[in-house]
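What follows is a set of structures for review.
In what follows, chain A forms one complex with chain B and a second complex with chain C.
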Partner chain A sequence: MKEQILELLRQHSDKYMSGEELCKRFAVSRTAIWKHIKDLQEDGYQIEGVRNRGYRLLAVPDLVTGSEIRNGLQTRRFGQYVVDLKNTGSTNVIAAKLADEGEPEGTLVIADQQTGGKGRRGRAWYSPGGTGIWMSLILRPELPMAQAPQLTLVAAVAVSLALTEIVGQKAGIKWPNDILFEDRKVCGILTEMNMESEEINSVIVGIGVNVNQELHDFPLELQDRATSLRMVTGQRLQRAAAAQRILEQFEVLYDLFLREGGFAPIRELWKRQSVTIGKQVVAQTPRGVIKGIAVDIDEMGALVLRDEQGQVQKIYSADILLAPPV
Partner chain B sequence: MFKLNEIRELVRLIDETSVTELNVEAAGTKLIIKKELGVAAPVIVQPAPVQAAPAVQQPVAPVAVPQPSADQPATKEDKQPVDDPTLHQIISPMVGTFYQAPAPDADPYVRVGAKVTDKTVVCIVEAMKLMNEIEADVRGEIVAVLAENGQLVEYGQPLFLVKLD
Partner chain C sequence: MKEQILELLRQHSDKYMSGEELCKRFAVSRTAIWKHIKDLQEDGYQIEGVRNRGYRLLAVPDLVTGSEIRNGLQTRRFGQYVVDLKNTGSTNVIAAKLADEGEPEGTLVIADQQTGGKGRRGRAWYSPGGTGIWMSLILRPELPMAQAPQLTLVAAVAVSLALTEIVGQKAGIKWPNDILFEDRKVCGILTEMNMESEEINSVIVGIGVNVNQELHDFPLELQDRATSLRMVTGQRLQRAAAAQRILEQFEVLYDLFLREGGFAPIRELWKRQSVTIGKQVVAQTPRGVIKGIAVDIDEMGALVLRDEQGQVQKIYSADILLAPPV
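Now for the complex of A and B:
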């Protein structure tokens, strides 16, 4: 009921909702309404209560709750069902469990804080409370297995376009799907796939975006390579609003990728948003370091690199370091 | 590339069964083991033509196989299933990097001798930062690991041999 009261106050935020009206709607006592209002105020919602007039919503806090994510969200599936958590180990782990239990495509798991945020190959993703978007989306694409890795590039383009729009400055993609502002990482994407008898059962796309951190909020070892939306814009942002833009972009591009255009338009968009192509890069692959120039991504999404001997190599797995400008 | 003990393990396996020929492909190398009546099993190793960068490998036993010509890739041989119905291949569902463990410093998901069930994760194949946890999908015992940690594997490439329960 607390959430329903909030929805009503949202819809009527230009005027006062009388306590009596609320009592009637929910068929409860005035005291019960008052308790929920007090609860909402404790969550950070600024609700004005005026005798003989009623309640009015003045400001919403920076929360990543289902209510805040869904409010005004322009999608059909992505984020329409939200599992919000104050604190969890890893949203990817929770999402994988929910996917296993049969939750549908578009289900979103989002947490205010992650204590075991995951990066690639067992690395940690720093995800303190109240500062970032730590979310995982369940996808169930009907797609040949071989094309599944392209989803990580679809996600990269979606986040890149959303953040470019929010910040008003190009959010560059580093292959395959790190998002950078001025060569510093603002977003990481970790995608995990589950198969069922040789077909895709679910794909969990974990997206971590640094939103309201300041430089000193990052651990020392990250301070020279991490950034946040706040550090770029100089302003605090509502995390839920940024998450909405990402979900909206992602749904549009995902549908384009699966239903109409295939990978070709995604590849073009990826290249346009990329800060990798044409650059001198160092690829740290599991089989050693390859230095060269990133010349393209191929039709599967692999990085095409011309190494120092002039040989063209395709990279499927690597950490890419962009050489500093000379 | 096959390790000597892996080849030895396979030869012993062939020896103990009624299987007369085994073709496996991994690590840019195709391995053919044939058993003829009353003759010691010759082990043949040759580069696989479909691999982007075939590893150069020394044969460990007399070689008696014609080199496939460039315009005649040995696709038919590649697809030939293992005759022994109790030996199951876990194959790679996509092109990517094969990892035996969840992290560089972690223990492998499975080793030779490990018992697996349908849901046992046996490895990860990664491409474009999509991590694909491969499940055994069968019950049995791992008898061979056919790919090396960090190696690029092809679609359909055998990764493990499982002796089914």
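Now for the complex of A and C:
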């Protein structure tokens, strides 16, 4: 009922809702209403209570709850069902469990804080409380395995476009799917997939975005390569609003991609948002270091390099260091 | 200790092992030894016990236990660690759990009977007790996601070659990975993969082989399209021995494949073992029916068809009906 009271206050934030009216609507006592209001205030909602007039919502806190994510969200599936957690090990782990249990496409797991946030290649992802978007989305595309790598590119393009819109400045994609502002990482994407024979069973797209950190909030070893939306814009942002833009952009591109022949536009968008293509790169692959100029990505998501001997090489899995154009 | 006694009897099956010697080796009483021998006899091992001479192993039953799988197995990793189960829902499900818990490459889960055996596309796989090989192998290849579909082809080629060797007659591959004798299915392969970002985390290769069934052992609806090794050869076979040939062949091809550039020979072998290439086929895909002549498979495991208009079509996911060449 607390959430329903919040919804009512949201809808009528231009006026006061009388305690009496709230009592009637929910068929409970004044004291019950008052307790829920007090609860909401403790969550950080600024609710004014004026004798003989009632309650009014003045300001919402920066929370990543289901209520804040769903409020005004312009999607049909993505984020319409939210599992919100104050603190968890890894939202990808929770989402994978829910996917196994049959939760539908679009189910979102979001946490205020992760204690075991996962990055690529077994690395940790620093996910302190109150400052970032740490979320994982369940997808169930009807796609053959061969197209699975394209899905990771769709996610990168969606986040890059959403962050570009929020900040008003290009959020560049660094292959395979880091998002950068001014050569510093603002977002990482970890895609985990479950395949059965030649078909995709479920995909978990984990998205971590640094939102309200300041430089000194990052561990020392990250301070020369991490950034946040706040550091780029100079302003605090509501995390839920940023998460909404990402979900909305992602759903649009995902639906476009699933319609036949959708990969060509995604690939073009990826290249346009990329800060990798055209750069001299050093690729640390499991089979050694390859240097060259990044010239393209192929349909499998591989980075295409022209190496120092003029040979074309495809990189499927690597850590990439970028250098300025030669 | 029961298994160690069995190993000793195996090694000395040309002579009698005295009870006294067995007592000494394991530092237990005669009664303890006798109890284990009785246990083994109840499992089906024919062990002769002669007063004043000792015990001798005369014949082994058709069991798919760790002991029978490992005995004489010519592999380095595949099947060297075995989880054997009398009866389970699905060996793929158990293997997936073990993979999540970190069990290494080559770990084998094998069951005498499956009550929830899984086939492709959510179908059931009929897995009665005492008659077939129902097993799942954990793999952890260092491979980019783009090469994952090739792995499924490696499994199909390995099983096809092993069964060809066992039966002395070509076991044909029907795309994507059914194995047929005389147009009847003797084996199905269900590959499940877990990917993290652009890399494979773990692969479960589930292999189901009909070994000792007779026609009337199959449910009515399968009788016109299923077969068993026994039906083809006219002989009962030891399931563990057949499983060993599969594991040995699979390890050889898998290692070949993982060495750089290993896919070209696999693809050639696949085509040579195929009963799909050159045939008129009807492909029931998620996007409708496509008819044509199967002309190739590509690097992604897609079946390449030339349709009735002469157009080349790639099939990533479908059920295939074969027709004789036109």
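Simple rule for what comes next: the second predicted complex is superposed on the first by the 319 of 326 C-alpha atoms of A that agree within 3 Å, B and C clash if a C-alpha of one lies under 4 Å from a C-alpha of the other, contacts with A are read in each partner's own complex, and residues count from 1 in each chain.
Methods note: contacts are C-beta pairs under 8 Å (C-beta built on N, C-alpha and C of every residue); 3 or more make two chains touch, one makes a residue touch a chain.
Quick caveat: nothing in here was measured; it's all calculated off a predicted structure.
After superposition on chain A, the partners chain B and chain C collide with one another.
Of the two partner chains placed by the overlay, chain B and chain C both lie in contact with A:Glu192. Once the two complexes are overlaid on the shared chain, A:Glu142 sits against chain C while remaining clear of chain B. Contacts of A:Pro176 after superposition on the shared chain: both chain B and chain C are touched. By the document's definition of touching, neither partner reaches A:Pro128: not chain B, not chain C. Contacts of A:Pro265 after superposition on the shared chain: neither chain B nor chain C is touched.
Contacts of A:Pro61 after superposition: neither chain B nor chain C is touched. By the touch criterion stated above, A:Leu153 is placed in contact with chain B alone, chain C being left untouched.
In the superposition on chain A, A:Tyr316 makes contact with both chain B and chain C.
Within the three-chain superposition, the chain C stretch that clashes with chain B turns out to be 131-139, the only such case among 131-139, 167-175 or 311-319.
According to the touch criterion, the shared surface of chain A, contacted by chain B in one complex and chain C in the other, consists of residues 120-121, 145-146, 148-149, 152, 176-177, 190-195, 197-198, 286-287, 300-302, 316-317.
Interface of chain C with chain A (complex): residues 120-121, 142, 144-149, 152, 176-177, 190-199, 201, 260, 286-287, 300-302, 316-317. Residues of chain B that touch chain A in their complex: 52, 93-97, 99, 102-106, 126-135, 137, 149-152, 155. Partner chain B is touched in their complex by these residues of chain A: 120-123, 145-146, 148-153, 176-177, 189-195, 197-198, 203, 285-287, 300-302, 314, 316-317.
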